[in-house]
Structures are given as C-alpha cells and as structure tokens.
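Pasting the structures here.
In the two assemblies presented below, chain A is common to both, partnered first by chain B and then by chain C.
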Partner chain A sequence: MGPKKLKSVSYAKYGYIFSIPFVLAFLIFTAYPIFYTAVIGFTDLKGLGKTDFKFLENPLQNFEAVWKNPSFQKSLENTAIIWICNFIPQILLALLLTAWFTNQRQKLRCQGAFKVLFYMPNIITAATIAILFNTLFGYPMGPVNDLFQMLGIADGPTEFLRDKWTAKGIISFIQFWMWYGQTMIVLIAGVLGINPALFEAAEIDGATSRQVFFHITLPSLRTIMLFTLVTSLIGGMQMFDIPKLFLNGGPDSATLTVSVFIYNQAFSGSYLYNRAAAASMILFVIIAILSGILFYLLRDKDAGKLKKQMRELKKPRRQQGGQRHET
Partner chain B sequence: MRRESTLVGRTVSKTIKYIVCIFLAILSIMPFWIMMMNATRGTYEIQQNSISLLPSTYLISNFKVFEGKAFNPMVGFKNSLIIAGGATVLGIYFSCLTAYALVAYQWRLRQPFFTFIMAVLMIPAQVSGIGFYQFMYRIGWTNSYFPLILPAIAAPAMVFFMRQYLLGALSIDIVNSARIDGANEFYIFNRIVLPIMKPAMATQAIFAFVGSWNNLFMPMILLTDKAKYTMPIMVSLLRGDIYKTEFGAVYLGLTLTVLPLFVVYFALSKYIIAGVALGSMKE
Partner chain C sequence: MKRILALVLSVAMLFTLAIGISGCGGNEQTPASPDSSAPAQQTSSAPADTSTPAPEVSDDPSVKVLNVWSFTDEVPRMLEKYKEIYKQRTGQDFPFEIKSTIIATTDGAYQPALDQALASGGADAPDIYCVEAAFVLKYTQGDAANYAAAYKELGIDVDRLLKESEIAQYTVDIGTRPSDGKLVGLGYQATGGAFIYRRSIAKDVWGTDDPAVIKDKIGPGWEKFFQAAEDVKNKGYAMLSSDGDLWNPVRTSAEKPWIVDGKLYIDPAREAFFDYAKRLKDNGLHNDTTAWTDSWYADMKDAGPKKVFGFFGPAWLINYVMAGNSGGSKPGEGTYGDWAICEAPVGFFWGGTWVLANKDTKIPKTVGQIIEWITLDNSETGLQYFWANGTLEGPGGTKDTVASGAVMKKSDGKLDFLAGQNMFDVFVPAGEFARGDNMTQYDETINNYFTDQVREYVNGNKTKEQAIADFKQLVADNLDVIVE
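Then we have the complex of A and B:
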C-alpha cells in the first residue's frame, strides 16, 4: 500500500522546476546572443560604443562583403591548413602511443608519469603559451636559435617568425603539442573499454601485437576517434588565443584565423560589428555543416550495421516461424 | 637462434619506445623550464645565452620592472580567482541540479530536454561573441564580472557528465525514504544528493576552473578597465613594446601566470588524468 500511495504523489513538476535555472541561463547567455549576432549581421551597426542599428536595404550586404573579402578567404584557408597540420600528426602520434601503452606483452614502465607530462601543456593558459613561444623563437637572440646553432643545424640566427609557412607551422605545432596528450588519454580509455574477451581470443589464435592493433583495437576505437575528430574540428575552427597572441595574425596575414578576423573586424579599426557578426554566422554555418557531415557518417554506419544485424536476426526467426506454420 | 633474435628485437623496440616517450616528456617540460630559469636571469645574461638549465640571481630585479606598469600579476590573479571561482561554483551546483532533474523525476519533457542538451553541447562558443558583447554593452555589464560568471549556470557538457554519474550512483530508495520522513525536494537535493556527487563534482570542478581561468576571448572583449583584467589579459600585455628589451621580466611575467596552474596540476594530476579518461566515455 505504502509505495503505491507514494507513486500517486506526482513529483514531475520538480523536474521542470529544477531545470529552470539551466534553461534561463541558456536562453539569456547563449540563445539570445546567437540570435542577436544573426540580427546584427543584417544591419548597419558599426562604430565604437554604438548599439543602435537600422536594417540594410540589401539584407545580405554584409554577408556578401565578408564572403568576398580576401582577408576572410585567407583566414578560412589558414584556419583549415593549421587545423589539418595539427590534427593529422596529433591523431597518428596518439594512436602510436596508445598502441604502445596498451600492449599487454611489452608493458612500459612509468606510464603514469608519461601521461601526466604529455597532458601538461593542455592545462596551461594558451595566452601564456603563445607569448612564450613567441619569445622562444626570438630573433636574433632566442632559445631556439641558440639551440639550433649549438646543435649545428644552423650557422647563423634564423628569423623564424618572418616566414609565412614557418609561422603557420609553429602554430600547428603548438596546437599539436597541447592536444596529443589529451587525445592519447581518451584513446587509451577507449581501448580499456574494449571487451577483454576479444584480446584473449586473439591471443589464443596466436595473433601478433600488430594484428591485434589493426584488427581489434583500431576498429573498436572508430566511434571515439570520430568523436575526437568532431570536437577537435569545432575547437580548431574557433582557434583564437594562440594566433592572436603569437603573431597577431601575421606575418602578412599568414596566421590570421577566422576568429582573429572576427575580433579584428569588431574591436579594432572602424568597429564593424555588422561585418563581424556576418562572419560569425558564416563560421557557425560552416562548423554546423562540417560536424553534420561527420555525425552523419558516424551515425549512419553504426545504425546501418545495427539494422543489418537486426534483419539477420529476424530472418531465421521468420523462416522458422514459416516452417512451423507449414508443419 | 630465432628466439635470440626476437629477444634482441624486443629489447630494441622497447628501447625505441622509451627514447620516444622521454623525448616527448622533455618536449613538454623544456619550454617551461627555460622560461622559469630565464625568469631569474638578467637581460644581459639572456642575450649572451638564452638557454640555461640553472637559475641565476636577478629574480628581484626582474620583478621590479613591473612596478608602475599595466602588467600586475597580483591584480590579475585576484580577478581570475573571483571569476573562475564563481563560475565553477555556479556551474557545478546548477549542473548537478539539472542532472538530478533529468535522472530522478519522470516528466513529459525529460527525454526531449536531454536530447536538447546533447544538441547544444556542440554549439561553438565564439560565434555568439558579437551579440553577447552588444547585449552586455546595452545593459551596462561591460567591465562587470557577471557576464563572465553567470553563463556557467548553463554548462551542457557538465550536465551530461553529472547525469552519467548520477545514473550509476543515485539510489531512488534513499530519495523515497527521505520523502517518507517528510523531507522536501530541495532539502533532499541539497543534503542527500549533492554529497553523493562529490567525486564527480571534484573532477568537473578542476576542468571548469581551469577552463574559466584560461579563457581569453570573452574577458578581452568585455573588460576594458585595467583594474578588472584577468590573468590571460595580463599576459597579453607582455607582448607590448615596453618589454621588448626586458627579457628577464617577460619570462618572469609568464612564469607568474603559469605557477598557480602548475601547483594545481601537479597536486591533482592523478584526478585530472582520470577525469580526462572518464570524459571520453561520452557514447
């Protein structure tokens, strides 16, 4: 009697009540600003301290102007290049280290210490890292220049930060260096989540470490790797702190990313909030489309596989049923 | 013969692995080590040789360079502490509350609400920056800490993590017996559910705090008053021309902004690494 009576009291309203703070904060600080940004994209809002605006006669004027702006195109290209040059080595090194750290036959010592050290750069303020690397690559005096001359790699000091591709490369390296540890820890956790029976079976069948890695570990990590890819992409497209403080988009816009472009449009020069808002929306759409594509690939295959399995499970049952009917 | 060669092969491969791992470990430490050593060295010393593995004696004189300049690590530290502390407390409390609403109650919009949280998890934060700035400017909240603290109330990723934890940790029987004893729902959440969530709160608190502490974009567009600057904005001042020749001071400034993070990281590294691994179990 007791529990029944308890159930008849409805607590459902507390589900709503306890969700109110989250929903309110989301609406005020995320949903409304996105909507407002979108609106500003269609207006003439510019100039320091201005908040009043009129809608433009040609509503797409800002979007067209941004899309055709060579700086914006350059920033899109730079963002893509820097992200790809960081992500590919990052995931490859993380996979290699994952294979080493989870190899049961050849256990490495001090794994805990290595993990702590590999992850460390991730927790340090990106702003600090940007300026630190700027100082490390100083010219004509700087630790990297000194090191290169000490090791005999270079004869005289090199002006690293003047070269466009070196500058891009260093930013890619910083991103790679900050994130491979995190990716590795995530992948190792993924491997530890794989059913141990799979590895035991492979052991009994006499599979080599390499075969185990390529035929069991890697396929099982597919979902986690795609998830890493999506989060890294969303983060990478918004890259701001490091390109902004490392060389402020230079030399000659070689490290100008989309976020730095947006910042510079809105908060320097003639304070073009409307153009910056339009650029933000374009970036939003690009990120949404790219993650949409990746999620589609991720979901479709898994769901497809599941459907196939279900069908296969159903088939024999149906046949059996049919046979039963016949007899 | 064959056995011996595989044994040699194994030793070689193991050695290579250790060499690579040690190289990467040095790569992680080296930039910060050079930074900290140069923070104690004079400008002339650094100009002669900018790499030193040992400290020198110019720490105090480097520190004096900051006197009367805009870069003020103490002010930055205090401001960042207030903002990151406030954002962490609010984020943790309300994420737990939202997660509890999602786990403990049967309400019609529960599933749609959870789907919604999963969808907004991926919203890139920076694309709303211009609207956010204009909105805050209109209501006079630039140079205020509120726009940097209050948004933490809606932290979808943290809600998701708390929900996953609560699904495994919460026993509805405890809640029901508290109800029979006449406790109201708010009391149950604050006194019974929150203590259960302590381990999850600790992990998430670290990440929330560090995330807020390191944030540059929002504080940079909202705070114009130098007395309100956060640590990352203080760091950005070190790029200025006044420090072009004061190498020791620049390194010291960078070191001061990193030290608190190092202390937190090495004290809690075990939990942080475990937290990163846990966070990956998002499927």
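Then we have the complex of A and C:
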C-alpha cells in the first residue's frame, strides 16, 4: 500500500461561504457608493435625476470650490468646536463614573440600574431629542424661560436659540448627554479587562483609591481610551442629525456642521452632487489625518521604547559575537 | 483554498458588476425617457391639443396598489372618501389598495424623500404625489418637472373642465409645465390671504368691528398698517404675534422672483421686510414669537404676554390652525367667534397643495379619475364641493376656500369662528391677487436664509448691510445661482 494521503477536513471553506452575504452586501451598499462618490467629485454631475456626467477639465475644480467656500470653512470650525466642547466633559464624566463603578472598596449598589439610566439618552431617537430641546428653549415662552424668570435670573424672556454660542453649547450638551453613557460602558468594560492581580497588589501595598486610579487604571486603559477617542472623533466630525433637526444649521450658520453643509449642497436647492461629493472626500481626508495623529500621539510609548532597547541590545551583541569569532 | 477564495471573490464581483450595471441602466432610463418621448408625443398631439378630448388610457391589470405621497393627511383622507364615491358611481368596490406615505415638510424632509422615490421608480414609486406652494415650481416647472404626467395624458378633459369649474388662474399658471405648455398640476384649495382680526379688540380701539371699516384702517399699503399698529399698541395690545406673520404677505407681493436670469435678485418689496421686522420689534408692536411655535399658538387664545390683534392668512389658517388653538370650539369659549376677516394691506397668498401624477404610473386611468375628482370636478359629489362646505367626513366639518369658483358660488362660507361672517366674500376676491409668477423652485431654501438674516439684523447682531451681504453669501455658497 502506498502512502495514503490523509484526507483532512477543511472547515475554512465554510468560513468563506458564510462570509459571502456580507461581502456582497458590503460591495453593493458600501464599496460601490464610496467609489461612486469619489468619482463624481471630479465631474460635473448636478441637477435632480441626472446620472450622466463628464469629468471636468480641471479635475480639482469642485474641491477648490468647496475648500474656498466660506460656509464650508465655517462648518468645519463649528464641527470642531462642537465636538471638542462635547468630548472633553464627556470623557471626564465617563472616567469619573467608571472610577466609582469599578471601585473595589465601596461596592455601589444598584449599579445595573444606574448604568441603564445613564445609557438611556442614547436610546431615544435624535429627532425626539432635537424637538425636545427646541421646545425647552422656546421663546418668548418656554420651560427654560419660565424657570429663569421664576427664579429671578432673568427679568424678561431671552431668545436663547438666536445666540450663536448658546445654540452651539446646547448641541454640545445634547451630544455629551447622549453619549457619556456609551463611553462609560466602554470604559467600564476596559477596566474589567485589567488583570485583577494588579489591583489586589496595589491594595496590599496600601495604595489609596486615587493612586490606584491614576497609576493603574488610567495607564491600562490607554488602548480603550484611544478607541473611544477615535470613534468619537469620527462620529463627531460626521455629526448630522442633531444639528440638522435642532436648528437646521442656524442661527446664522452657527450650528452648521460639515455633514449638514454636504446635505445642503446635495439635497436642498440646486442638487450640487459633485460639490457634495468633493466635500465628503475632503471630510474623509480630514478624519483620516486626525485619526492618524491620534494614533501617533497615543501610541504605546513604553512598548516602542522596549522594542528600541531590544534592538539596541541585539546589535552590539552581534558585533561582539563577530569580534569574538575573529579572535 | 486560495482557488476557492478567488472563485468566491470573482463571483461576488461579477454579481456587483451585474447589479451595478443594471441599476445604472435603470436609473439612466428614467430621466432619459421624458426627454426622448415627450417631444415625440408633443408633435403628434400638439395640433390636436386644443380641440380633441383627452386620449383613452387604461390601467395595468396586474397592479393592485396605489401609492400616494403627501406631507399632510389631507389627500389620503380624501381618498377614503373617494372610495365611497367610487362605489356610489360604479357600484363596485375601489379595486386598489391605497398606500399613503406622509412626511412632514418641517426641516425640508419631504422633498429629498420624494425626489428619491421619484428618481428610483419601481413598484413603490408614487402614483400620485402632493407638493406645497413653497416648492411646487420645482415639480411643475423646474428640475423635477419631467417626472410629472400631463393631466391630459391621464385621460382628463382639461380644457373643458378648467372653464366649467372656473379654476383660479394662479393655480393653473403654477401647474403648467413651460417646456411643453401642458398642465401637470392643480390645487384643490385657493389660498388667497386676508387679515384675520379680533372683533373685541377692534371695537376697543376703533369702536367698530365692521370689516369694511377695519379694511380701511389697516390698509391699503404698509404705512397705514403700521399707523393702525400704533393705535392698537396704545390700547395695550400687540398688532401681530410674530414677524413671520408679516413675511408671508410681504414675500408674495414682490414684483419679481428671487432669481432673474440665473442671478439673485432682491425685490425691493422683500428687502423692505428688514425695516418692517425691525419696526415691529423696536416699537413693541408684536409679541416677538416665531410662527409654528408654542408661543405663536398661545397668542391665538390670549395666552401670550399681550393680546394679539390679528394674523395674516388664508382660509386654511383659520380652519386648521386658529380654530383648534382658540381655546374653544363654539362661540363664547376662548377667542372662538371673536374673529373677523377683511382685505389685507397688500394682496397675497400663502400655501396650497398641488396634486401631481407620476408619468410612469401603471394605472393612469384610475390616477386620472382621482385627480379629476380632486381638482376639476365641480359637481356636488366632487371633492371641492365637500371641501368648501366642510362635509368631507360628514356634516359640520371645516369649510375651506377651493380652487373652483363654480363650487364656491354654490357653497356656503359662513363660519361660527368668524361670528357668522361669510368668508368666501373676502377670500374669493383675495384669490385674484394671488400670483405664481414671483416664485422660483428654490424659494423654500432662499426664504429660510433671508428670514434668518433679517432676524440677525432685528436682534442687533448685525447691520442691515452686513445681513444682506451674508444672505448673498449663503445663497452663493449653497445654490447654483450667480450672485453679484
């Protein structure tokens, strides 16, 4: 009998088969639209219902038009301001809550209930929240105005939503309020993933809660923080629903975000699909660059150092070895 | 293994290519067909256009669903009535299932959704769709006009019915597609506007609530209106609730549209709104609300800081907005019954719904019959007769002005809300002021930019020059319009 080849059962092919639906859906609904958007940014495609287009003589014409567009510049600025004003308080509060919820010494009761409560705003649809806040800050009569006058903070009604910074602030607050629960859940999951031996050791060594948090929890959370930061950045740069539904970019374009700008270009008025596509691509590049910067800033510096040291250690040894060999 | 992977991927790519190509092909056909087929049809039917009746059309028997797109539930509710009428007239049940898609126009959500539905076609594409005055021109004369079917091609005898029903001319003007001169849309309402004022306040200020007298106190012209506003203010009332109330008559009384020869044009009548709005605010002549907010509704039942003398609006504002917010439902309750209407200082119209049909509808006969019943039928079982007399859902409903003069002549416009005044006396002539030649398809977007800048100026955040410059910049940034 010759050596019979062992028939191995390959399970891998099932993996490929099962992934076909996803690959198909991805190619049709994600890859193709992205490719199409990238292409029409270089064309003259505009006007409702048109699908025929030709490439522009100056392929970057749309990109230049968008980049120099004062509304686009303003929308970039607004998006950055609103995102920063929402992210800093959001991460701070989420960290504080994480510290409390994961504290080994003071085991909080009803943790589950609190987590659900904090997560709740994220479940409500954006449209509801936008209308809710619009009504709350109604002028000349609205709950907030009534409250301010009752407490004697203001003499007469204030038109909150006419003030640019108030409008921006409210949108930042809504974003903060909707997302801190989500961030907190992610951070708690991160803390639970830290080796408990570290905490026990710290406890035995007599570290205070504060020391444990700053010297063990925070450094170990770095990758999770990076994840939170990058996903929040991407989501924040694409912020659309709340600014659109709350004040439709107003007052005086104070809450016009890049996505609302893109929407306005494409769908409200002249159907400038080409300019909207160019603006989308610019936004994509900006997000990619910022994410890259974040990855670089928050890279694991110790690991990098360690690698370097290892390399340096190896180098002289090899040289020494060579020398030894010569002698 | 690699071979299998390669196979899977190439099959996947083939699939996407095939779908992509067929998808593109389908999309390309939709816009192309009107361009290529419309002229052909036109040449064959143009000579006969004025004399011969509409062609015979028939439905595709395999279609069982009638899709209706609207921004309110008005037309879907009319269709419920149509089912009854259909049974009365033919003795059979209405053979289609009516599928309504209702998307509010707030925040401009309706148009993009409708545009997508029209552009992508298929079985779920609208057969009948409604468009509002603010953006009707886009669908009858502008970018989306090629999606609309000419009424005549739905088997409607347009020329005869327009005359018989005495349809308000401005609704015809707006609904006529310039590229081929065919009627593609008509309304069922006439929305000429009046000044709707409080009888008790008029008596307190001028000693009478007679519309013939008040008409001369508040107009004609804005100067007299502001004088009257001072009188009203001196008695401790507010003339208007919001500056937006003034914007509607100012906006539609402009000579020329926002865009003339592809360039932005600010009509002096519209530019004057800067000063009017400022004057209202600085002199405390209004309650400084915003239309369609809680404070605005509150002013209709005296729940605001000052009682409000009046609102500008057409009949629908009275029936669908003010009556419900008056704090009562019969005379003596709230402000109900304490209102009257008189001619506005300038002629204007506000709103209205135009009903259009998709040129790709598979059931043109049924769609044509429904549209005829809604827009052109002047019989006592036609929609407009029910609509004018408020009997669509049984007696005692809300009455409204309709597009057909013939229908209004045989209808009764007395309203308890107006203490028995016959509203048709004021609204029928007001409809003659209404004009459709000062609108563009971009009006909704441009009006939003304009009023936003006016409010920046009124609130002292900007000078008027700066506000106008910023308005121009916004238009230049966001629309394909030349701004100088």
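Remarks
Heads up, the rule we're going with is that the second predicted complex is superposed on the first by the 283 of 327 C-alpha atoms of A that agree within 3 Å, B and C clash if a C-alpha of one lies under 4 Å from a C-alpha of the other, contacts with A are read in each partner's own complex, and residues count from 1 in each chain.
Simple rule for what comes next: a contact is a pair of C-beta atoms (placed from the backbone, for glycine too) under 8 Å apart; a residue touches a chain by one contact, two chains touch by 3 or more.
Note that this is a predicted model, so its numbers are computed, not measured.
Using the contact criterion defined above for the overlaid structures, shared-chain residue A:M225 touches neither chain B nor chain C, since it reaches no partner.
In the overlay built on the shared chain, the residue A:S268 is in contact with chain C alone; chain B does not reach it. When the two structures are aligned on the shared chain, A:A254 is found in touch with neither chain B nor chain C.
Touch criterion met: A:A12 reaches chain B and chain C at once. Touched residues of chain A were counted for both chain B and chain C, and B has more of them.
With both structures placed on the common chain, the touch criterion links A:Y32 to chain B and to chain C.
Once chain A of one complex is fitted onto chain A of the other, the partner contacts of A:G138 extend to both chain B and chain C.
Touch criterion not met for A:L95: it reaches neither chain B nor chain C. Of the two partner chains placed by the overlay, chain B and chain C both lie in contact with A:L245.
Using the contact criterion defined above for the overlaid structures, shared-chain residue A:K46 touches chain C, although it does not reach chain B. In the superposition on chain A, the residues of chain A contacting both chain B and chain C are 12-13, 16-17, 23-24, 28, 32, 49, 51, 135, 138, 141-142, 244-245, 267.
Considering their complex, residues 10, 13-14, 17-18, 21, 24-25, 27-29, 31-32, 34-35, 46-47, 49-51, 94-95, 97-98, 100-102, 104-110, 113, 120, 122-135, 137-138, 147, 150-151, 153-154, 156, 159, 176, 179-180, 185, 189, 210, 213-214, 216-217, 221, 231-233, 235-236, 238-239, 247, 250-251, 254, 257-258, 261, 265-266, 269-270, 272-273, 276-283 of chain B touch chain A.
Residue ranges on chain A touching chain C, taken from their complex, read 10, 12-13, 16-17, 20, 23-24, 27-28, 31-32, 46-52, 69-72, 135, 138-142, 159, 162, 244-245, 248, 250-253, 264-265, 267-272.
Partner chain A is touched in their complex by these residues of chain C: 1, 4-5, 8-9, 12-13, 15-16, 19-20, 24, 27-28, 30-31, 107-108, 111-112, 115, 118-119, 138, 143-144, 146-147, 287-290, 293-295, 298, 304-305, 442, 444-445, 448, 452-453, 455-456, 459, 461-462, 470, 473-474, 477-481. Those residues of chain A whose C-beta lies close enough to touch chain B in the complex are 2-3, 6, 11-19, 21-26, 28-30, 32-40, 45, 49, 51, 97, 100, 106, 108, 110, 112-121, 123-129, 131-136, 138, 141-143, 145-147, 150, 177, 181-182, 185-190, 192-193, 223-224, 227, 230, 234, 237-238, 240-241, 244-245, 259, 262-263, 266-267, 273, 276-277, 280-281, 283-284, 287, 291.
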